Each structure stands twice: as structure tokens, then as C-alpha cells.
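This report refers to the structure that appears directly beneath it.
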Amino acid sequence: MPSYRLSDFIARFGGELLGADVEIQQVATLEAAGSTQIAFLANPKYARQLAETAAGAIVLGDKARALTDKPRIVAANPYLYFAQISTLLNPPRRPAPGIHPSAVIAAGAQIDPSAAIGPFVSVGEGSRIGADCVLAAGVQLGADVQLGAASWLHANVVVGDSCQLGERVIVHPNAVIGADGFGNAWTGEAWYKIPQIGRVLIGNDVEIGASTTIDRGALGDTVLEDGVRLDNQIQIAHNVHIGKHTAMAGCVGVAGSTRIGAYCTFGGSAMILGHLDIADKVNVMAGTLVGKSILKAGTYVGQYPVQSHEDWLANAAHLRRLDGMATRLKELERKVGRFDADQGE
Amino acid sequence: MPSYRLSDFIARFGGELLGADVEIQQVATLEAAGSTQIAFLANPKYARQLAETAAGAIVLGDKARALTDKPRIVAANPYLYFAQISTLLNPPRRPAPGIHPSAVIAAGAQIDPSAAIGPFVSVGEGSRIGADCVLAAGVQLGADVQLGAASWLHANVVVGDSCQLGERVIVHPNAVIGADGFGNAWTGEAWYKIPQIGRVLIGNDVEIGASTTIDRGALGDTVLEDGVRLDNQIQIAHNVHIGKHTAMAGCVGVAGSTRIGAYCTFGGSAMILGHLDIADKVNVMAGTLVGKSILKAGTYVGQYPVQSHEDWLANAAHLRRLDGMATRLKELERKVGRFDADQGE
Amino acid sequence: MPSYRLSDFIARFGGELLGADVEIQQVATLEAAGSTQIAFLANPKYARQLAETAAGAIVLGDKARALTDKPRIVAANPYLYFAQISTLLNPPRRPAPGIHPSAVIAAGAQIDPSAAIGPFVSVGEGSRIGADCVLAAGVQLGADVQLGAASWLHANVVVGDSCQLGERVIVHPNAVIGADGFGNAWTGEAWYKIPQIGRVLIGNDVEIGASTTIDRGALGDTVLEDGVRLDNQIQIAHNVHIGKHTAMAGCVGVAGSTRIGAYCTFGGSAMILGHLDIADKVNVMAGTLVGKSILKAGTYVGQYPVQSHEDWLANAAHLRRLDGMATRLKELERKVGRFDADQGE
């Protein structure tokens, strides 16, 4: 494992060195770090751990600069700085370029010689795989798929016909890009399948989690702009448009044709209904169902609070009678207000 | 790309031609369509787009027949009609019949010569694959699986031992049919796995979305009747029975042994608990948790409304005290009622 | 199919025989069982079915011993006893040991000769597969993966680099263990990916459902202790720790760094936010969002009750005004209390 001195980090990423220019081999948490490891403090809540850490060095913010005597780097954004160090110390295990003999590459598919194509991969007709791409074992690409340079599809990812992914896109195992959207017309007796003839278009620097599914458009395309980050088990329906740098935590669902702005965040399990508009810089908290458009930046919530079972039984029953309670409250106000009047107030 | 005239569509699907019998090459939305494309108007809400569209022709309903001068087809169900045109214009890219040399077919498995078996497919002992079926790359079938004619399993789909799928069934990538259900008995110290010895039985014309999972029965079978439509990321537990033509949007979960009727619809992320009965023609809206049987057709909801974070903080706290509020309201009514009496009302 | 007498079961599993020592070939439900099958009664609710069953024999508890004259076994835990019989009668179809010729095993990977490695399996460098393991078709293992004896990975499961699974672990199709966690630092302009350098460590006797995803730790490890049971479509984020014998139903999500105790249960679709502590023996009911730590054993709920659409429209609107209702109630109490005082009560 290569090692670096703190001054090497500063030469690359900036920041200010305080204390000895020690050698660092790995990143770790304040709790777990040893003498050859560097930890970080971004949240003052963990300052107590700083006092007890055995880390060889610390990355911290300007306000925390005096909280320890250890060798340290003062950085404007300690969490980001730490991530940059970690990236330097932990380059991904990149397979060697070349096409595994078991892979099935259709005639006419173009694969850059620097790309690494693993075992049991299939690539359909007309597909183009850019420089330095990695297709791990079991990846299945349809026809006319385009994959920009340095993108990495992990094991068993499926990409359907005609979908396009940009550069440096990462797709985690078992994700599916470009399955048919869910479109059915009712004949009066049965559902009739609507052909899904759009594509999925994904920009640069997008990351897509394990078992996430992104459906192709019904007529137009499903679009993820640059820098979008999707966690695991997310469902993006047909014709959804997600603006740049929007991030979604695990198990989120977005129904068809909804248009989500840039720089939004969605907590885990949030569900966004179809044909809505969500403005830029909207934060939707975990577990929230968004049933109408949100046209203004801000934080939105719809979480039912957890309670003990006994309390919930006592309280939740009234939810079914809130309208009755509201009516009774109004009636009381009418009467009591009149008493007020009667009594000369 | 083949092209058709409006009169070709009418010969196939009925409807009334108004205006010129133009040539059409593709379907598109009102917004995106060009002069060789046909669009549709099903929802009067989009009538404004009709005025502005560059589409070569329109499918619309009888009430909208006079809303444009363009070449048009008047149809009883414009959305369905449009879907039929799209199906005609967009036949799926069907792989050629035959078994890819990399596929592993167990001795004794029967595969119709018209079926197309892709690379890296395995088919277990005793399985039977009907005419015109497609098994895309990476599909893994267990033993004694039956697949009716013209069914299509997309890439990396898994079907477990002894499961049966009907004719014209479509299963999207990475779906899993026939994994073990979740059955555990508590020994007093640990969970003991209950063998899951039932099957999954799927009727004709069923469509199953990407990454959807349908577990085999514990003792009896899990059943999806004809025409059921499941979107992506759905979980169907063991011994669930779903009646014909019921449709579920993405991320729905149905717990074990629940019996769902025919012609139901479930919005995204709805969760149906176990051992319930849901009648025919029940519509459950998105995000709703169904915790008791629904014995009457109709629309059911349990959505917590989204609010700004500030409003939610102010309001949600009272949910934990609703029972107290109800008691106080009753007490007020008792008192105020008495005032009424005291004052001779 | 082998058959057993009731006395054979008693010799293995204990219990008391009442009636004839009949021969049994299979397990079934009370409703479906025939004369060569054994059923069970664990819940008195189904006692009526006992009267009507055609089963050849019954397993039941002591209190129910006199509810039938049929051949029967009285057991302390009839459900567990029945499961043990079912396991005896339904051994899994175990593939023969050996490595399928299509599998790609990296140089240096160690595979016990008793293990069964299916078609299209890849095993990375340094990985070790224990005795009697089964890797079904399409399983993809990274480098340095460890798999304890008698573990079974079903079709298309993916396990990432350096993850460790104990003995007798079962992983159902398309599950993903060890994908990158969702870690991003904001640069001011875009998300910067945090390397995920931890592992997933899974104990003995763990079962993991189809399409479930368990992310590797960011710095430390994600841990599932012995005996944990996870259903399908579950998302376990990075650095989560799940105590022994905890069970989660389908579609549950657990966000990063949350620590869950032993002997807990989580109903379907429950969502647990990040950085929380959940004590031992906590039961969280289906659909509940847990947004704060739970430090005491017990049952917790946060379910919005389902209603007819009309009732919901009438009631849910007041949720947005609960704070106003609470204020008005307080004001009424102030006034009415004063009336009380005014009138000398």
C-alpha cells in the first residue's frame, strides 16, 4: 500500500498543515483510526471522539483547529477533503483492458480497446463502449447502447436497447436501465400494453445504486442530467426528468412523467406521484408521499410519527374522525362565542 | 421503417377518417410530433397542445372531433387506438429462433424449435419452453419450469423450480419468480426456516416489471391470474392470489396469503398486509397501507399529506396527542352543553 | 418420495402420539391435506378447519389435543414441529459437487471440492468457498470473498470484494451484497463520491431475500449477526449493524450507520432512518417510519389508517390544520373554564 505525507495531501488538495508532517497509509473513523491513519472531524458533535482518537492525523475545519494537538490539516470542507484523500489512497481495483473470451459481442458493436469486458457479458448490435469503460461479469447490453468514456457497469447490470449513458457513469450490481415503462390502456375487458419506444438518457458523472430500475420513455425519453446520484432500490418510471445534481436515497419511487428540478434531495422511501413538477432545490424528507407539484424551493415532509403501539391505538382512531372533531369544535366556538356576547364581553 | 396511411389504421382498428388520408411513420406526443407522425388527444386538458401541434394526424374522441382541421381519426377510445397504432409501427426486435451455443440446457428439457434462447441462459431438468418464447441473455430457469407460447423473459430473469407461466407472459429484467417465501418458526432461541414447497402459477397475458419478486407458496401456490400487470420493484409474498386484470404500480408490497380480487388497481408504494381479503374492483391509492380486509369495491386511501417542514413540525406533534384532544373536546361539550341547559336553551 | 410413520417423527422431534401410527408422505394445510399428508393447528382460529380436514394426521398443541379423533402428534410448538417434518420430507434439490465448465474461477481462488459451482459463475482472486456450498447459475463473486461451509447463493446473486458470509447462509436470487454505500460530499457545485472501503460481514444461519441489497461500509463494516432473517427487496445501507436473530419483512429500508439490536422484528415496508439506535426486542409494525432512536423494547407503530376516498378527503385536510385546532381548543378551554369560575363552580 502506498503512503503519503500530510504535505502530499496539501500539495494536491490545499489546506493548512499544523503539527508534524506524518506519513499516512489509510483513512478511518476517529474511533477506529490508528497511528498510520487519518480521520476527520466535520460535525462538532463528535468533538469528544477527537479527544480520545488514536489517529495519526486529523482533517478538521477552521473553528476546530485548536481542539487537538495532533498533526492536522485545516480545510474549508473537512468531509470533502477527507473524501479526496480516501480516493487517492483507495483507487478502485480496475480489471485489465480486453474482452473476456466468454463475452458475446455482436457484430458491429464497437468496443474501445482500453475497455475491460468481463465474463458472461453480452453487447448487442450497434452498441458503442467508450475508452476505459468496465463491464463487469454478467452485464447484458441491448442493441445500440452508448456508453461514454470511463463508465463502470457492475455485475449483472442490464441496459436496454438504444439507451445512452455519459462519461464516468457508475451503475451498481443488478440495476436495470431501460426496461419498458408501465403503460397500459384499458380495452373494456383487459389491459392493452402500450409500446415503450423512448430511451433512457443519462448524463455524465451519474451514479446509480444496486437494484435500481430506470424505465425507458413511452414516447419521449427518460432523462437523468449530469451529476445525479441515485441510491439502491429506486424506481424511476417512464418519461421522468431529473435535473442535475439531484440526489435520492434508497427505495425512493418516482412515477411517470414527473419533472424534478436540479439540486434536489429525497430521503429514503419518499414517493413522488406522476405528472408533477418539482422545483429546483427542493428537499423531500424520508417516507414522504408527494402528491402535488412543489413549485418553491424548501423542505417538505409528510411523515406519520412513530409511537408505542398503545399510544398509536389511542390516537390513530381519531384520524378517521378528524372531520367530525373539526365540526364539533366549530359548533363549540359558535356557542361559546355567543356566551361571550351574552355576557357582555 | 414501414409506413401506413390513416385508412390502413381504420381498416385494422375501425374509427372514422376526417381529412386527408396522410402517410404516417411513427407515433409521438402532441408536443413532439412532426408531419409524418400521429399523436392523440384523450384528455381534454391537453386541448391547447392540439392547437399548436405539428403532428401529421391526430387520434381523438367524438367530442373533440371538431377541435382541429388536421387529418384525424375519431375513435371511441383514442388512447387505446393510439396504442394499437404504436404496436403496429413498433414491433419488438425479436431475436432469431435457436439456442445460443453458450446456453446450458439440461438433458430432458424441452425447448420448442421456434424459441430463441440467448447467451448465458440455463434451463433446468424437465423444463418446457413453448413456441416463440424468448429467453434473453442471463435468464436462469430451474427444474420443471413451464413457459407457455410466445412468452418473453428479459435479461437476467430468474425462475425457480416448478413454476409455471402462461402464454404471452412478459417478464422484465432481473425479476425473480419463485424464490422461497419468508417463513420462519421461532424455536425459542432462533428462527427455523419453513420449507417453501409451493409454486408460482402465472396465467396468460401477464406482465411483470423489472426487479419485481414473486415468491413461491409455502404449502399451496402463489397465483397470478390472466392479464395481471405488475410494474417494477414489486414484492408479492408467498401464497398471495391476485385476480385477473388487476394492476399494481411500482414498489407495491403484498404480504403473505392475501387474496386480491380481479380488476383492482394499486398505486405506487401501496403496502397490503398479510392474510387479508381484497374484493374485486378495489382501487388503492399510492402510498396507502392496507391493514384490514376491504370487502367492498371502491377507492381507498391512507396518505399522509405533504407539507412544508415548518407546518409539519407544528401539526404532526398533535398526532401524538389526538386522544387527549378528543377527550378535552368531549369535556368542553359536556360543560358547554350544560351552560346551554342552565341558560334555558 | 420417501414416507415416514408418525412414530418416526416422534423419534426425531419428540412429542406425543395419539391414535394410529399412520404413514405420511407430505405436509399440507388443513384445507388441502389428503390421507397421506399431515397438517397442523397452531392458531385456535382455524379449529373449524380441523373438523373438516381430510388430512391423515395432525400436529397440534396440548390444549387442542381433544379437538379431533384423527391420528395426531401433540407438540409444545406445533408450527415448529410441522416445519421440522417438512424439512425432513422436502430436502432441497442439491446440485452435484463440482465446477461447471463455463464457470470462471480466478487463479488463487480456493473452492472446496464438495462445493457445487453452477454455469456462468465467476469467482474473483483470493476468494474462498467452503465445503458443501452451492453457487447457482450466474452468481458473481468479487475478489477475496469468503463463504463459510454449507452456504447457498441462488441464481444471479452478486457479492462484492472482501465480503464475508458465515456458514449455512442462504441468499436468494438477484440479491446484492457489498455494493458501494451511498456516500457523497457536496463540493459546492456537485457531489463527490466517498470511497466505500468497508466490507459486509454476515454471520452464520442468516437468510437474505431475493433482490435485497446490503451495502458495504464506508469506513468500517456493515454487519449482520448470526441468525438474521431478511425478506425480499430490503435495503440495508452502509455501516448498519443488525443484531442476532432480528427479522425483517419485505421492502424494509435501513439508512446508514443505524444500529439495530437482537431479537427485533420489522413489518413490511418499515423505514428506519440513519444514525439511530434500536434496542433489543423492538417490534416495528409494517409501514412505520422510525425517525428517532428506540431505546426500550416494545411494539412501535406509525401507520396512517386506510379509509374510503370520501372519508379521507374529509379527514386528511384537517391534518394540515391540527395546530390551529389545538390552539382553538385551548382558547375554548380558557373561556369555558372562566365561565365555570364566573358561575361559581
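Chains: A, B and C, in written order; residue numbering restarts at 1 for each.
In the analysis below, contacts are C-beta pairs under 8 Å (C-beta built on N, C-alpha and C of every residue); 3 or more make two chains touch, one makes a residue touch a chain.
Since this is a predicted model, take the numbers as computed values, not measurements.
Engineer: Give me the superposition rotation angle from chain A to chain C, based on Cα atoms, as a multiple of 5 degrees.
Structural biologist: Superposing chain A on chain C takes a rotation of 120 degrees, nearest 5.
Engineer: List the interface residue numbers of chain A and of chain B, divide the shared ones by all numbers used, and answer same when the ratio is over half, different when under half.
Structural biologist: different
Engineer: Quick check: how many Å separate the C-alpha centres of chain A and chain B?
Structural biologist: Measuring from centre to centre gives 25 Å for this pair.
Engineer: Which chain C residues touch at least two other chains?
Structural biologist: Within chain C, residues 102, 120, 138, 156, 174, 211, 233, 251, 269, 303-305, 307, 316-317, 319, 321, 325, 329, 332, 336, 339 contact more than one other chain.
Engineer: Which of the residues in chain C come into contact with chain B in the complex?
Structural biologist: 27-29, 32, 77, 79-80, 83-84, 86-87, 90, 93, 100, 102, 118-120, 136-138, 154-156, 170, 172-174, 205, 207, 209-211, 227, 229, 231-233, 245, 247, 249-251, 267-269, 286-287, 303-309, 312, 316-317, 319-323, 325-326, 329, 332-333, 336, 339-340, 343
Engineer: Which residues of chain A touch chain B in the complex?
Structural biologist: 102, 104, 120, 122, 138, 140, 143, 156, 158, 160-161, 174, 176, 179-180, 182-195, 197, 211, 213, 215, 219-220, 233, 235, 237, 251, 253, 255, 269, 271, 273, 284-285, 288-292, 294, 298-305, 307, 311, 314-319, 321, 325, 328-329, 332, 335-336, 339, 342
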